[in-house]
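Next come the structures, one after another.
Two complexes are shown next, each including subunit A; its partner changes from subunit B in the first to subunit C in the second.
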Partner chain A sequence: MENTSASLPTIARPRQHERVHVAHISLAGRIGKQMESLAPYMLLLPLVSLILLFVYWPLVYSFYLSFFDWNFVTANKPFVGFDNFTRMWNDRRFLESLNGTWKYFVILVPIQVFLPLGLALMLWPIRKSRMQNTYRFVLFSPTVIAYSVAAVLWLWIFNPLQGVLNKVLIDFGFERINWLSDPDVAIWSIVIVASWKTIGFHLLLYLAALEAVPTDVIEAASIDGASNWETMKSIRFPLITPTFFFVLVTTVISVNDDVFGAINVLTDGGPFNSTSNIVYYLYEQGFVFFQIGSASAVSVIVFIATALLTWVQFRFGERFVHYG
Partner chain B sequence: MDSQRLGSYASKWSLHIVLIVICLATVFPFLWMFSTMLKPADEIFTKDIQILPRTLEWANFSRALDIFPVLRWTWNSFGLSIIITAGKLLISVPAAYAFSRLHFRFKPLLFAVVLVTMIVPGVVTTVPNYVMINHFGWLNTWIGVIIPSLPGTAFYVFLLRQNMMTLPQELVDAGRVDGAGTYRILWDIIIPNVKPTIAVVTILSFLGAWNQYLWPLLVLSGFENRTLATGMPFFTGNAESAQMWGPMMATAAMAALPPLIVYAIFQKQIINAFVTSGIKG
Partner chain C sequence: MTRISRRSFAKSAAVAAAVGAASSRFVMPATIAAQNAPTEIVFHHIWGTPPGTKEEHRDPIMDVIDLFNSNEAETGIRVVSRTDSGSYAEVLQKTQAEMATGKGPDIVSVPWANINWAREGLNMRPLNEVSDQIDALQAGLRPDVIPLVTVDDQMWGMPYAFSTPILYLNRDLFDEAGINPDDVLNEWDFLLGDAAMALREHVGGPLLDLTDGQWPAQGIAQSNGGRVMNDDNVFVMDSAETIAAMDKIAELDREGILNRSTRAEASASFVGGTLPVFYASVASLKGLREQSQFNMETHTFPVFTGKPRQMSCGGSFLGMFSQDAEKQQAVMEYLKFSITKEAYELWNQRGYMNATALEMPVVPGQEPSYAHLEEGITPETPWPTARGGEYGAMWAETVARIWTNNISAEEGCTQIAAELNSLVGN
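This part shows the complex of A and B:
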């Protein structure tokens, strides 16, 4: 009597039976069936093996390398324990780069999170105007070119004697500024280039989120007599908090990685190490001084710090994010 | 009533004015690049600001080619970008298909393995990968640039998976009835139905590969082997060429124009992919 539920599979059975029967006869069919059940793994094999080899294994390998004193060339690698981790705290360049890392966080995270949000809120009311397309195109354009190219364009603008920025300053009766060689100013020049380069992408994400807010919700609110600002505050904003959170998390993770290109071309970490950050320090240790052990130790620290930051953000982000 | 309308006009216009000023500031480095690359040296080094070139000087391009192998860099940029893009599609489309439409053991774990790569900063794996590449004898080869670049596809896998999940199950069932296996279904049914997303992934990975900086900079040494993005520092690294702003801007334009053109053509598709993929964090 429980047959009502069991009867469904029996209808399907003959066809399956037929297939099994065929598989018995031909070897090719058997292999084919085997392949079929392995298919998901076969489809994932190239991606997952490359990820394991070039992302996860390097994490383990850098942990291993961080215990040795090695200059990349010599055959012997003396084991030094945790020396690479303790020694850096006496390295002035490391401490200066930590200072820079902190500065980039404090200055660039708010700029890269809120400025594009402000721009998106400005562009949203004129979404039906043809100008919006032009604005969006222009604001996004710096993100599609290489960081090194962007840096070279700004190198020319920042040039102390022939650069257009200083020419303008002098025309207006100001003093010439050494945009890249004054230790107090150089970090701001990097900030300008980094902001110019990355704001467009976040703007696009915010605009996409605003667009995804269902219009009937907005209409219902305006029928209820809510003002533009009220609907923005109480409806649109809660609905775009996931995007806001996404932008915040990715900015915190990538901001110090992002400025590397600008530092590398514009200042090489100088003057007096004032524009260096931990990523640039890592690069310097590894590929300028060839201190593989110490560079690996920095890699380990950067990875652990990133993982912690991400975890903390998810832990506390959940509270104010509205997943609709 | 009238004053209210006037007010909304005024606020709209002030909005446009603010946006125009911001956009002009954003686009200025590009305009300055185009202007400089078309100026002869005596118009570049002037006391006053000269916005437009008085005479168009195309010689900056041939001078750039004389100083550095810029054509070779262009060729390297195109070659590497095309191969990396093809490779990324080849590994990310099947993976997205498995994650979106197939059922198998360890699926959540494997998906997490892929997604977590998004939070690993690229620079963390650079040193060990460099040591490894050297071990394989891949330094100064294209393969050394290409293979380690391929796993950076988590975001594309995510985009493709989101799109594939929206396809109706009947579509796949119809294929099953016709006797198509898992691979056939991918090729005949899934791929044709997610072509727009595949196009976007192609564009984004091409842009990414074209603009790649640190990794090819480390792997490819020597004048000839560089790409446009990694060749630019040669200009600034040499005291003499560091003053040749005309040729430098000409080379920068060669590096910047292909991605700008691709973006100009496909702007709509790129933006739509973000909207429809429903990136919500």
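This part shows the complex of A and C:
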């Protein structure tokens, strides 16, 4: 080896078999690099496939189905163009459900966003007390109770003849209230149940966000003489705005979904559609009246409206969020 | 690495061929066994027994199916029972989903009001398709129930879960007030009379629940000489008779006689002993009797003075959904079996009315339903077209509005008749 290397002034060109070896290495290297760059995609592939299959494919297929009067079963599948979209505007039940959707939105979004925030701010100062755990347990437990079970409880509470609410009202000399069968009252009963079910989860999110506020900033503010209100207004609240924004966006998206369980179990949308909303209307069209085309058209409208609302929130709301 | 030579390859191939030939001896009997396998038919219904239920609460339908399957060796048919839900709508929904995948059930319990949806939307087959057995099947049924499932001269199912609405009453409340139920419940006007007012005073609340009353509304209209839909599928609930019948119930609401609540609340109030009278299917007899802690009795629906009562049927019939001729034969075998004496004696315990030509004992409490039947029962409104369910819901909402005085009977009936007739193109 020494002799050979000594006889060669430079390593000008590798011999044939060495060139092949180098080529192998560079090819393997290239493949390895490519594999390395592909690895994240390969790892994501199973999950992305599932999302495509179970989220985006149904979305696309719903859009397609909304142009047909078909129920998956009949041999003939007539194309009806935009009929499913135009028909619903002549349907009183759809218009009433839109009215309900709007009412739930206006009533429940503030309740579900601000009430837990207020509760969290009240519970925060007693975070070292055992009472906070008790309050957390009491307020959070409805979230984990199934709607079917919760409904049985509320049916007994709201029962007009023997429910505890009316018993108390009558004892205090008030008139009996038909909590679920009076069209002016029923929507408020649904609001009560839906809020009772949701507030606990949002409360926990806010408490966790308050916990994450750096204590040194708070201490610095108090040394500088900031009052509790000033600390809250200028430090704590700005630092929990990402959580506030998250709660706001998810509540706006899901508020009408969240009340579905209460509507379905307690009132079936009644009396006279006064508690129905667009999600319940969609369910009725698809799964009670078996009108898949109409239900798909409603789902397309719900999708577009939700996407639009979310865009508006990000476009105009995110500027107020402090990401630390 | 093992090298494969031509010789070793040939050897291996020979061994494989020999093993294949030998194993085919075992495959053959399996194939024959497959040919002899029973024809399996899936029966999708609402009467399943929830897991963990005590033996005495097992639904009688399961005994009927087990009895049929015990003869599997002779019939070559096995019935597979399926209950995914206790709701008729959900059973139809599952049926729709399964039909979409090409694996639909063979027999389904179909509510009478959904007959057109099942025919037009779910490819339910007329029993006449199994023409050699239709006569035998019809011979086993009461003649007056066959028209209830006959559309366009074809029989679209077998009347089975055959019911009618009746009144359930808390006899203890009547006795405490010293009032005979007949003095309150024989005629609609009696519910506005002195006895009814005395009972209302005693209980301190409404007397009668007719919540979700689309079903009894049909019978109430008919008992005053009106109709909901005529034989030409024209909606005629705007007739003077129907309007007057609806207004009579609205009057009960104005006088505080009618209960206002959801159906679930009304049921709880009756079982809890605070509501004196509650309407439900005759099939609820067993369940309500088990739940109530008071002396519960049943009663016929009130009549309009001087007019005959004519209630509608309810419950469900057994529809045939098999598209395959062999399975359709098997379905017919099961249907014929289910109205034999031994099978129907089991089913009769469920509390539905007897739809067969057999003599069956009347369960105490069922008498009002048989009185309705003898007086002439009509089919439940077969809401036309595949959108029928939606039309039924629209009528139900109008009934609820009228009965709670949210809208006048005349306005409500006129509006809904015009709206429905326009929707179905009348």
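Throughout what follows, the second predicted complex is superposed on the first by the 277 of 324 C-alpha atoms of A that agree within 3 Å, B and C clash if a C-alpha of one lies under 4 Å from a C-alpha of the other, contacts with A are read in each partner's own complex, and residues count from 1 in each chain.
Following the convention adopted for this analysis, a residue touches a chain if its C-beta (ideal position, glycine included) is under 8 Å from a C-beta of that chain, and two chains touch if they have at least 3 such contacts.
Since this is a predicted model, take the numbers as computed values, not measurements.
S.K.: Of the two partner chains, subunit B (first) and subunit C (second), which one does A:124 touch, if any: first, second, both, or neither?
M.R.: Neither subunit B nor subunit C is touched by A:124.
S.K.: Could you say whether A:178 touches subunit B, subunit C, both of them, or neither, answering first, second, both or neither?
M.R.: After superposing on A, A:178 lies in contact with subunit C but is clear of subunit B.
S.K.: Looking at the overlay, does A:261 come into contact with subunit B only (first), subunit C only (second), both, or neither?
M.R.: First partner only, subunit B.
S.K.: Which partner chains sit in contact with A:188 here, subunit B, subunit C, both or neither? Use first/second/both/neither.
M.R.: Once the two structures are laid over each other on A, A:188 reaches no partner at all.
S.K.: According to the stated criteria, A:160 is in contact with first (subunit B), second (subunit C), both, or neither; which is it?
M.R.: second
S.K.: On the A-aligned overlay, A:85 touches which partner chain: subunit B = first, subunit C = second, or both, or neither?
M.R.: The answer is neither, since A:85 touches no partner chain.
S.K.: Tell me which partner touches more residues of subunit A in the superposed arrangement, subunit B or subunit C.
M.R.: B
S.K.: One more residue to check, A:39. First (subunit B), second (subunit C), both or neither?
M.R.: Only subunit B is touched by A:39; subunit C is not.
S.K.: Where does A:72 make contact in the superposed view: on subunit B (first), on subunit C (second), on both, or on neither?
M.R.: both
S.K.: Who does A:287 touch here: subunit B (first), subunit C (second), both, or neither?
M.R.: both
S.K.: Could you give the residue numbers on subunit A that contact subunit B in one complex and subunit C in the other?
M.R.: The answer is residues 72, 155-156, 159, 162, 287 of subunit A.
S.K.: Under the stated contact criterion, what part of subunit A meets subunit B in this complex?
M.R.: 32, 35-36, 39-41, 43-44, 46-48, 50-59, 61-62, 65, 72, 119, 122-123, 125-126, 131, 133-142, 144-157, 159, 162, 164, 167-168, 171, 196, 204-205, 207-209, 211-212, 242-243, 245-246, 249, 253-254, 256-257, 260-261, 264-265, 279, 282-283, 286-287, 292, 295-296, 299, 302-303, 306-307, 310, 321, 323
S.K.: Quick check: in the complex, which residue numbers of subunit A touch subunit C?
M.R.: 71-74, 93, 155-156, 158-163, 176, 178, 180-183, 266-268, 270-273, 284, 287-291
S.K.: Residues of subunit C touching subunit A in their complex?
M.R.: The touching residues are 89-90, 92-93, 96-97, 99-100, 117, 120-123, 205-206, 211, 259-262, 264-265, 268-269, 272, 274-275, 386-387, 389-390, 393-394, 397, 400-401, 404, 406.
S.K.: Could you list, by residue number, the parts of subunit B that touch subunit A in their complex?
M.R.: Of all residues in subunit B, those touching subunit A are 12, 15-16, 18-19, 22-23, 26-27, 29-30, 32-33, 36, 44-45, 48-49, 90-92, 94-95, 97-99, 102-104, 107, 110, 113-114, 117, 119-132, 134, 147-148, 150-151, 153, 157, 181-183, 186, 207, 210-214, 218, 228-230, 232-233, 235-236, 245, 248-249, 252, 255-256, 259-260, 262-264, 267, 271, 274-275, 278-281.
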